[in-house]
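Common to both upcoming complexes is chain A, partnered first by chain B, then by chain C.
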Partner chain A sequence: MSRLTQPPVLDGDDINAASLNDRFAQFTQSGTLDSFNARDAAFDLPQFKTGAGRPITPEMATTTIGYNLWKHSAYNTYTGQSTGAAPYVVQDGTPATTVLSLGAAGWTINPDEHLLRVYWDLSVRPRWEGTKPWNGGALYFTLPQSGGGTVNVFSGYGCWAFWLQWDITSNGLTNFVNVPSQLDFNTVVTGTRGGNALSACSSTSVVQNALEYGDLIDNGEFTSTPVDTPVGWTSVDGAWFYAPTPSSVTVYGLRVVFSGPFGAHNAGGVNYLVRNDSVASTARLDTQAGTLQAMYMRVK
Partner chain B sequence: MTKKWTQSQVREGRSVSPDLFNQELRAQQSSITTLDRTQLPGSFVDEARLKDYALHQVWFDERVGSGEQTNEVDTGVPAAAWESSTIQTSRGGWRTLVETTLTGFKGGSLFVEWSANVYVNNIFSYGRNDGRPGTPNYMGMRILVNGVNIGERRGGGYHQQCRIFGSQLMPPGNLSLVLQWRDAEQSQDAASTTSSGDRMPFAHLWNNRWLAIARYR
Partner chain C sequence: MAYTPPTTFVDGTNLTAANAEGNTEALRVYLHGQIAAGDVSNTKWIETRHVQPPTFDPIRGLQHGVTGHQGGQWAGGVNIRLQFATKYLSGNGRPNNETFHPFPQTAITFDVRQPAFCLFHYWFELENGKDTSTAAYQVASAQRRVYIVPYTGDFNSSNAYAQRARGQETRNVAFGLSNSYPLGIDRPFVLTGGYGAKQGTFMLNRNTPAQTTFGLAVHSLSDRCGLVNWGIALEAWYF
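What follows is the complex of A and B.
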């Protein structure tokens, strides 16, 4: 609380009105309640600043993304993409892209001070056209069949991938780029197929795009045709956070983008999420609505 | 606020001694140090008026290593798969992905969240010999703080994003944070290799990140 920065009056000190008034004036506080006065935890909730500049989470924002019609009676449908394609952006019913604007001034995230946290979800339905089209891609395992022969079974890696882009140029929101440590799956990994090492998928979330399993497997051998089950409407969500280093970054907007179909690949000790161009034209993704939320908080 | 003399006001021509003034100053100091939180104005606690770690503290790892679990990495899998956990490498039980210390915890509420993409192989869930409904696989995930389980979920059963979180009141002092995963044991009917002899991948976690927030009061 209040402090005296001058020593007490001692014998032999020159005592006059000016020096005494100076000392006395130290007690006349002009409303300076600073971090010294504000001791650890000495507050009640009404004393916390509200609105912009809050002490723990200075800013928060949320928006609905996608086609906001929860009956699922109408939705957007997207066809699979091949290497080189720009990802789809989550769209509303217009369809127009849906983004989260962080205001004209954006949010400035400082190193060793702030943490940007982004959470999102989206209602989706992955599906395929045709019969087991994934067998035309690198999306299956070949397994032994009872009585001889083999059977191809969806490996479970097949998926659509969703990731985050941000605009750190202006609130015009026309300069979206992938967030740090997130690439666009267009670097050729094997043959002509593009993909990312898993370490270059910092904001990626996936949703499996087929379900296939064996019925009455007998000691590792298939005894019947693999069973397919539609994935149906499901959800995909993401949780991403970012602490800038070594410089501050001002973020003006965020959006969720997606592409597919992807599968697994490994080479040289590196695991990749790669495109499956040969079957892309038969993959479909229906999308509905979700939310995209962001906040930045102080870390100390 | 302007303070008033309370002990003996300075007047012209009065004799004074050091104690006279010290008495007054002490009295005023005492008065001011009784200014408590109920007297503080509303909405005055902002960033500038807070000491670091006064109210809260955050620890995080945006990406645990490369983001992937490295507890079990089998290189004998097919090319169209990930080097990951197989029947041949599986140790079973809980595997520790993260073990770290939350330094400087002052006592209060602790929130921890952990998110990842998980891959779980469910091709062999319905075996002839293990009986229906079979042995569906899941990716169990749990959060331990000082050895106390504050969040555990059965987790994903496919190739999908998962996030678990938990919170707990904890005593002051450095805290031990441990994140662990455990895939369901495989069916006795599960194939351990493909027909060409490559090892069958069963479980993997990638894009792992965690965040811990302490709230002090």
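What follows is the complex of A and C.
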């Protein structure tokens, strides 16, 4: 394609027919700028920008979080929390909190232009101190027992919850807050117990904290004591995306936080995860390592 | 068609705004690819045929186009590809062993032709145990976990070990085998801890074009693990 070289009009130049004609004539050339050479020739890799103008994925970041001893020779242990507590942050062996930094300038995510995608995983082991301590909370069903009476069995809803926080203040990474549509389970829902409606759990993942079942069931009745199995070491993972609206947001860092024990609750047609304060002191969560990764993409 | 000014100015004639603007308007239409009304930014005129078409590789299930690779594979369909993991390929259940073996059929190799951000997504469903073997060198029965990790690069145990922080584990099923008919596990895996349904994503900055491999690997401390279902998916976005 040709390059236009006509200089601009300057003070002192004559404005006459010739200069005007020259100014338009520079566009008259043998090559055409039309639908054929502007589009039909197609685009391929050489036409795509690199660096800061990356066409699809401007940035990506990944880090290891937690205590990287995969065979669990040592790990971090956390005690259950009651309403009002700030969540735990995933820590390394120091222990120091582990976060994902998105650089000094952060990532600016614009409405209708960008999408933030976050993925994480973490090895954990939920457990309890004592014998069936969840029976002191609201974590069980009461079912009929053969020969009369009832028996309590873990509902299956008891869990630890994990969610995302971000720092949108600075890369000092000292101002983490919950990501949008995510609260910290400290809004009182029933009695004095805090929790979140599921609509406030946008980045939440859970891991069950007990396994209990009836070994011998006869005609819907328990004929033996419920059987308990430790959950053991397992893993929890999460995926979350965010399309900013109505204004841009600059994200400097992300981290995974957690709390528990939680159970299910329904009121007014709304489903909640609520804390079980009465048994929190007997709940434990051991944590090991995982990864926290993020990228942002253009959506147009 | 090349641009031709509608008006050619002649010395001694009036210079009118209409003539000057007429030339400018014709130039605008010309620069907008002959679109007489509207302009390029407000009128959608690129059709599928105007973009370099992608290629699809049905064997690997990958599409490669101008922006990168996308696609994946899974275990199911009519030809379900049940896989297995075992400690006999990864250290015989010894506590300090760090050997990994491949998770069959989950590796995928693709040609990165420009620096790319790669996302390897995976999920799996497995049933671990029951391993009640009694050799003294093994970890205790309750610790006979199976770990699955993603790896990149040619498969070897050290490449998988390097990703051990990403390992997701499932415990040995807690109860035993029935020795009366019907033989086999006498309780469901989901009730006794041996069931694992997990997923993960492995992001990689592949800033040098090269053949690139992602896959899943296993370290098992249990003698038998049925990998019931699995799926892998790949995104590689050129930058």
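FYI, the second predicted complex is superposed on the first by the 247 of 300 C-alpha atoms of A that agree within 3 Å, B and C clash if a C-alpha of one lies under 4 Å from a C-alpha of the other, contacts with A are read in each partner's own complex, and residues count from 1 in each chain.
Just so we're on the same page, a contact is a pair of C-beta atoms (placed from the backbone, for glycine too) under 8 Å apart; a residue touches a chain by one contact, two chains touch by 3 or more.
Since we're looking at a predicted model, the values are computed, not measured.
Engineer: Residues of chain A touched: more by chain B or chain C?
Structural biologist: Of chain B and chain C, the partner in contact with more residues of chain A is B.
Engineer: Contacts for A:55 in the overlay, against chain B (first) and chain C (second): which applies, first, second, both or neither?
Structural biologist: After superposing on A, A:55 lies in contact with both chain B and chain C.
Engineer: With both complexes overlaid on chain A, does A:123 touch chain B (first), chain C (second), both or neither?
Structural biologist: In the superposition, A:123 touches chain C alone.
Engineer: Who does A:243 touch here: chain B (first), chain C (second), both, or neither?
Structural biologist: first
Engineer: In the overlay, answer first, second, both or neither for which of chain B and chain C A:201 touches.
Structural biologist: So A:201 only meets chain B here.
Engineer: Which partner does A:157 reach: the first (chain B), the second (chain C), both, or neither?
Structural biologist: Touch partner of A:157: chain B, not chain C.
Engineer: Figure out whether A:230 sits in contact with chain B (first) or chain C (second), or with both, or with neither.
Structural biologist: So A:230 only meets chain C here.
Engineer: List the residues of chain A that touch chain B in one complex and chain C in the other.
Structural biologist: Touching chain B in the first complex and chain C in the second, residues 15, 17, 20, 24, 27-29, 33-35, 38-40, 42-44, 48, 50, 54-56, 58, 211, 213, 215, 237, 239, 297 of chain A appear in both lists.
Engineer: List the residues on chain A that touch chain B in their complex, please.
Structural biologist: So the residues of chain A in touch with chain B come to 1-2, 4, 8-11, 13, 15, 17, 20, 23-24, 27-29, 33-35, 37-44, 46-50, 53-56, 58, 115, 117, 138-144, 150, 153-159, 181, 190, 198-199, 201-202, 204-208, 211-221, 223, 226, 236-243, 263-267, 269, 271, 297-300.
Engineer: Considering the complex alone, what residue numbers of chain B touch chain A?
Structural biologist: It comes out as residues 1-3, 5, 10, 16, 18, 21-22, 24-25, 28-29, 32-33, 35-38, 40-58, 60, 62-63, 66-68, 75, 77-84, 106, 113, 115, 117, 119-129, 158-161, 163, 187-192, 194-196, 200, 204, 206-207, 209, 211, 213, 216-217.
Engineer: Using the touch definition up top, name the residues of chain C that touch chain A in the complex.
Structural biologist: 1-5, 8-11, 13, 15, 20, 23, 27, 30-31, 33-34, 45-46, 49-52, 66-68, 95-96, 113-115, 117, 119, 142, 145, 147, 164-171, 174-175, 187, 191-193, 196, 198-205, 237-239
Engineer: Spell out the part of chain A that touches chain C in their complex, as residue ranges.
Structural biologist: Contact set of chain A toward chain C: 15-18, 20-21, 24-25, 27-35, 38-40, 42-45, 48, 50, 54-58, 60, 62, 64, 66, 68, 70-71, 119, 121, 123, 211, 213, 215, 229-235, 237, 239, 289-291, 293, 295, 297.
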